[in-house]
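For reference, chains read A, B, C and D in written order, and residue numbers begin at 1 within each chain.
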Amino acid sequence: MSKFHITATVNGEAVEYLCDPKQTLLDVLRDELNLTGSKEGCSTGDCGACSVTLDGRLVCSCLVLGVEMQGRSVETIENMTEGKTLHPLQQKFLEAAALQCGFCTPGFLVAAKALLENNPNPTESEARYWLAGNLCRCTGYDKIIRAVLETAADMRGAK
Amino acid sequence: MARIVLGDEFGRQYAGGQTHFDLDVRNVRHLIRTLDDMFPGIGEQLEAGAIAIDNEIIPDPWLNPIKPDSEVFFLPAIKGG
Amino acid sequence: MAGYEGKQFKWVGTRPVRPDGVDKVTGRANYGADINLAGQLTGRILRSPHAHAKILSIDTSKAEKLAGVKAVITAKDFPAMHNGVLPGDEGVNFHYLSSNIMARGKVLYDGHAVAAVAATSAAIAEEALALIDVKYEVLPHVIDVDESMQPGAPLLHEDIFTTGVNPKPEKPSNVVQRIQMALGDANAAFKDADIVVERSFKTKAVHQGYIEPHAVVAEWSEDGQCRVWCSSQGHFMVRAMTARLLKMEVAQVRVMPMEIGGGFGGKTIVFIEPTAVLLARKAERPVRVVMSRDEVFRATGPAPGTSIDVKIGAKKDGTLVAATGEFRYQAGAFPGSPVGPACMAAFGPYALANLQVVGYEAVTNRPLCYSYRAPGAPLASFAVESIIDEISQKLNIDPMEIRIKNGSKEGTQMVYGPKLKAVGNLECLKAIQNHPINKIPLGPNQGRGLAAGFWFNLGGQSSAVVNIAEDGTATIMTGSPDIGGSRASMAQMAAEVLGIDYAKVRPIVGDTSAVGFCEITHGSRVTFATGMAIIEAAESVVKQCRERVAKMWEVDVDSVIWEDGHARPAPGSTADNQKPLSLAQIAAKASRTGGPLVGSAAINAGGAGPAFGVHICDVEVDPETGGVTVLRYVAAQDAGKAIHPSYVEGQIQGGVAQGIGWALNEEYIYGADGRMQNSGFLDYRIPVASDLPMIDTLILEVPNPGHPFGVRGVGEVPIVPPLGAIANAIARATGARLFDLPMSPPKILAAIDAKK
Amino acid sequence: MSGFQYEAPTTVDAAVGLLAGAKGSARVLAGGTDLLVQLRSGAANPDLVVDIKRIGELRQIGGSAASGFVIGAAVTGAEIGEHKELAKAWPGMVEGMELIGSTQIQGRATPGGNLCNASPAGDCTPGLVAAGAIAVIAGPNGRREVPVEQVPVSPGKTSLAKGEFVVAIKLPPRAKNSSDAYLRMIPRTEMDIAIVGAAVNLTLDASGTCTAARVSLGAVAPVVLLVDAAAKALIGSKVDDAALAKLASAASAACKPIDDKRGTIEYRTKVAGVLARRAAIIARDRARSYT
């Protein structure tokens, strides 16, 4: 089975890659483009560790085929900082100790960023449901949810 | 004479049910040898387990001195998660 | 070690940003699966579709011929191991361990490895697995522990003869061992009780549920040296077990500790590392093996299902007079259940003069049963706390009062031997008793549940190095994988002792060739034991500094004291006229005063103080569906001394969340064919963010006399009380008490309807 | 098997041509939230995968509440949830769609996919069945329209012929004082497959009497059920307690569930009635305020 030649935009830059039809976007990011910040926890869309935005939409990159990407644009955790400056969510996660092992953290940050872009003033319940597709086994979610809500408040204040 | 407590388990298996002994021993290594002489085979089992001297669980007990008024317990090894 | 009693800490007890944090929020941190070496192959493992079967033949010839396949291995590629536990093996039977990693002669569970391949792509590796022809003779299987203990149950091993019974059995069975411990005479003492409650409990196997699947990369060089990159709870354990299983010299294996994406006990033993090493040797190329989530569930080391009988007798005033417990724990396909700690910890929160605990362990056709956070204790505690609660209901005594009245404390004789030193059980109970949650009125179908829990905590072997750079900054190294933020606490303790800024201390986890031996990260031992090694190493640096300054000042060392990172003249000493010298100033002159400033320590820490936790929670039960909502949760715990309170809170909150999942929804579901039916995160239901409330934590600090700063392990005890706390809350919300875990909606609804 | 032919046509005719001409097995890729899992596990090994997301008309929501909505088969759950007029007219159908998986899944999952995956537990399908939705099917012989409940025939199987696929779902014109609701039982609050699902769609007259109703149940039979007896319990009533009790027992009576890892026969049967009753109350209260 011959490989597909795909041209797509990854983190704002045009990239080309070859992939097997069965390779997922996650496989492509990690193995072809060496962007290993997106993690594989289940490969069935149940853990959210591979969360990215595809044409601005939050998705699990394990549930997107690499061959679907022709002409499409994806943003990953590697593109979350603004230059050398951490995104407010990244900074808050550090200060609020909202991570332990850190494996689910990239997915949570990408998903939380999408939440705040979609809803700058989420309630605790809205934040918990939006992030229900991101599994964390270390923290019990407490510090993660607090960090997201505090960041939302900070960002509203900054505006 | 230090007070040595084997615990039900080793007592039933090796010492005919006896669990408490008063022994004159210098250190744990000496104690285990003494017990193994009394109840052949018990030494290897005791080596694999944990030991508490005077209510303190001792990780590397071999050379740990035993005072005449010490109380020594043998207990199963504990594994954490 | 210098005493720190009453010292005002500058860094200990604060909440600095963790040193590894930035890499983890930017995606830069590397875990086992993130390694990608030149020429790296993909390894895949063929696994048994049967719960129990004899392997008649394995034909790998077709797979070997497939283009792109570089190596195929089976059990015959693994050296034979002695079947037994040799002195110095820390209780590990390497024949069993090897047979679990690659099945020999028989497959003992659904998912048991039978062969492995390394190929140039994942697709080819999977195609190769499909070409391996394994002929099986399917055998009857057994999953449930009670069934496994029955005479005539399908026999897993010919060589298991129950230990701990007299006379020694002549016939093999699935029952690995019987253990017993006692205080006083429980069976006689029941006659003094005004009320006796006896119940039987059943629980299903659960998984640690770490989000990172096991992953390893192995590479051989032409000189026969082997390098392994993997995430584990102990790279020294990976090195020791891999070398032993493959008959290599230990120093021949160098294990690089990658960031670890959760473990909770599940990464304290090898599953795929030796396989990757063998594949890499045979393929003469680097090989990466990463488990799928399905493999993680079917073929790692989940916690046991159990069957438990507990009987407790009490006086009318709530005084507990006697208790017995029989704990029957599943082992997996090989011995190794945590029934010992279960027996020892079950009644830990209670002072009982008459107590007898008996434990049984039986092998079953399911994956190796291994450690999960406070191994064995949560299930035993669930049974005990349920009955304590039922007694308090029947005697109409406040559940808090009965626990305080009988609570274990300093001097309490534990069933496993020692008496307790200073512990925080009563302090935790009183903290919860005074918490505002008790004032919140409960609505219809709501209930409040209370439970206490105990865990030993461990010490053991750790090494640490503190290197002072020429500008006075410090790099510190240990061999303990950082699973929850321990690099931060190591740096805090080093900064505290050295008297320099936290930001000037950079901690790393060294590989097996870079730093001295450290035991696995388990038993809540790292901040306690490895931290003690860091303190000792830092103190050695301080001592060297004082000695060098004493020489410069031409005074004796006692005339030089260490304060806030400076060598100062001891008040009234002959050095009185000298100006203080900072660590940076001393380091700058190190080359003139005796060379590099390096402190190191290798210790075997004793004195790990037991941890106690008390939890209270409110739940609401939907009486028409049996659905449970956890409304509020408060956990109090004695941390001895919290080095980094945020990560202590994180350990408590994480343990609580795991305990809630265990109580309500998590379980291994098997079909009649003995195959797991829910080996994915869709149907193995760990709690999601919307399932949980905020988890309020109360950290108490009853210093552990066995640690210079008073530290106790905190990681494990938080998972002990939640099962009982949730069960007791449901019982009080519905009037129906459940004795089976998980307490899933169908079971709860059935219990409610049965009561009508 | 190391791969498959992947095509992403831009017209319905091209897609039909590919599917009809396929040698060996062919699968339609819409959101992919089921198909990719099947590909990874080996449960699906198609020779051809046809990605329909680049076909314009399949990515649109057309029509209106008054004229009836036409939802392209490849419109995502997130897009459906964001369509204010649709959510106002068909809140039950929309919440069913939105209950499928996580926010991430919502970014991909489609009503056409949920329908054609033919799982009796699909959360979107009961709402569509209760709504009286029509599936527009394109194939080698042109287009045909069938009630959505006729698309699934058994778990994982549909009535679609070779070369056919669903291009759109049509909702009927929405009368005033009408509304719907969907409820499901899952052990967690998110991320689960329904143990039981119940959708109720009803219309009231000025006096609050129910003039029309459709009740649909999920995960209690090999396919999503349309339960006429349950609807009859509501029609002509004021959707009061007596009618709701009848509805509940009719719903439970219609169940033909199985015991499986997710639930028991007894549990599913009992809870189906509970959820149908609760959904009817929500739909009733919504209908009163829908003009």
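Criterion: a residue touches a chain if its C-beta (ideal position, glycine included) is under 8 Å from a C-beta of that chain, and two chains touch if they have at least 3 such contacts.
What you see is a predicted model; the values in this text were computed from it and never measured.
The chains other than chain C, grouped by which ones touch each other, come out as A, D | B. Across A-C and A-D, the chain pair carrying more C-beta contacts is A-C. Averaging C-alpha coordinates per chain and comparing to chain C, the farthest chain turns out to be D. Each chain gets one centre point, the mean of its Cα atoms, and the points for chain B and chain C are 27 Å apart. Averaged C-alpha coordinates give centres for chain B and chain D that are 68 Å from one another.
Shared interface positions of chain D, i.e. residues touching 2 or more other chains, are given as 2-3, 189-191.
Touching two or more other chains at once are residues 121, 123, 208, 264, 681-682, 687-688, 690 of chain C. Of all residues in chain A, those that touch two or more other chains are 20, 22, 43-44, 46, 129, 131-134. If touching chains are joined by edges, the resulting network of the protein chains shown has some other shape, matching none of path, cycle, star or complete graph.
Under the contact rule stated at the top, the pairs of chains that touch are A-C, A-D, B-C, C-D.
Chain C makes touch with chain B in their complex at residues 85, 87, 90-91, 163-164, 166, 179-182, 208, 264-265, 268, 338, 340-341, 344, 371-375, 416-421, 456-461, 522-525, 604-608, 706, 716.
Touching chain A in their complex are the following residues of chain D: 2-6, 8, 29, 31-33, 36-37, 39-40, 49, 51, 53, 76, 78, 101-105, 107-108, 189-191.
Remark: chain A residues 1, 4, 20-22, 24, 43-46, 48, 51, 54, 57-60, 62-65, 67-68, 70, 111, 114-115, 129-134 touch chain D in the complex.
If you check the complex, the residues on chain D that touch chain C are 1-3, 41-42, 185, 187-193, 195, 261-264, 266-267, 270-271, 274-275. Chain A makes touch with chain C in their complex at residues 20, 22, 27, 30-31, 34-44, 46-47, 49, 76-78, 80-81, 86, 90, 93-97, 99-106, 109, 124-125, 127-129, 131-146.
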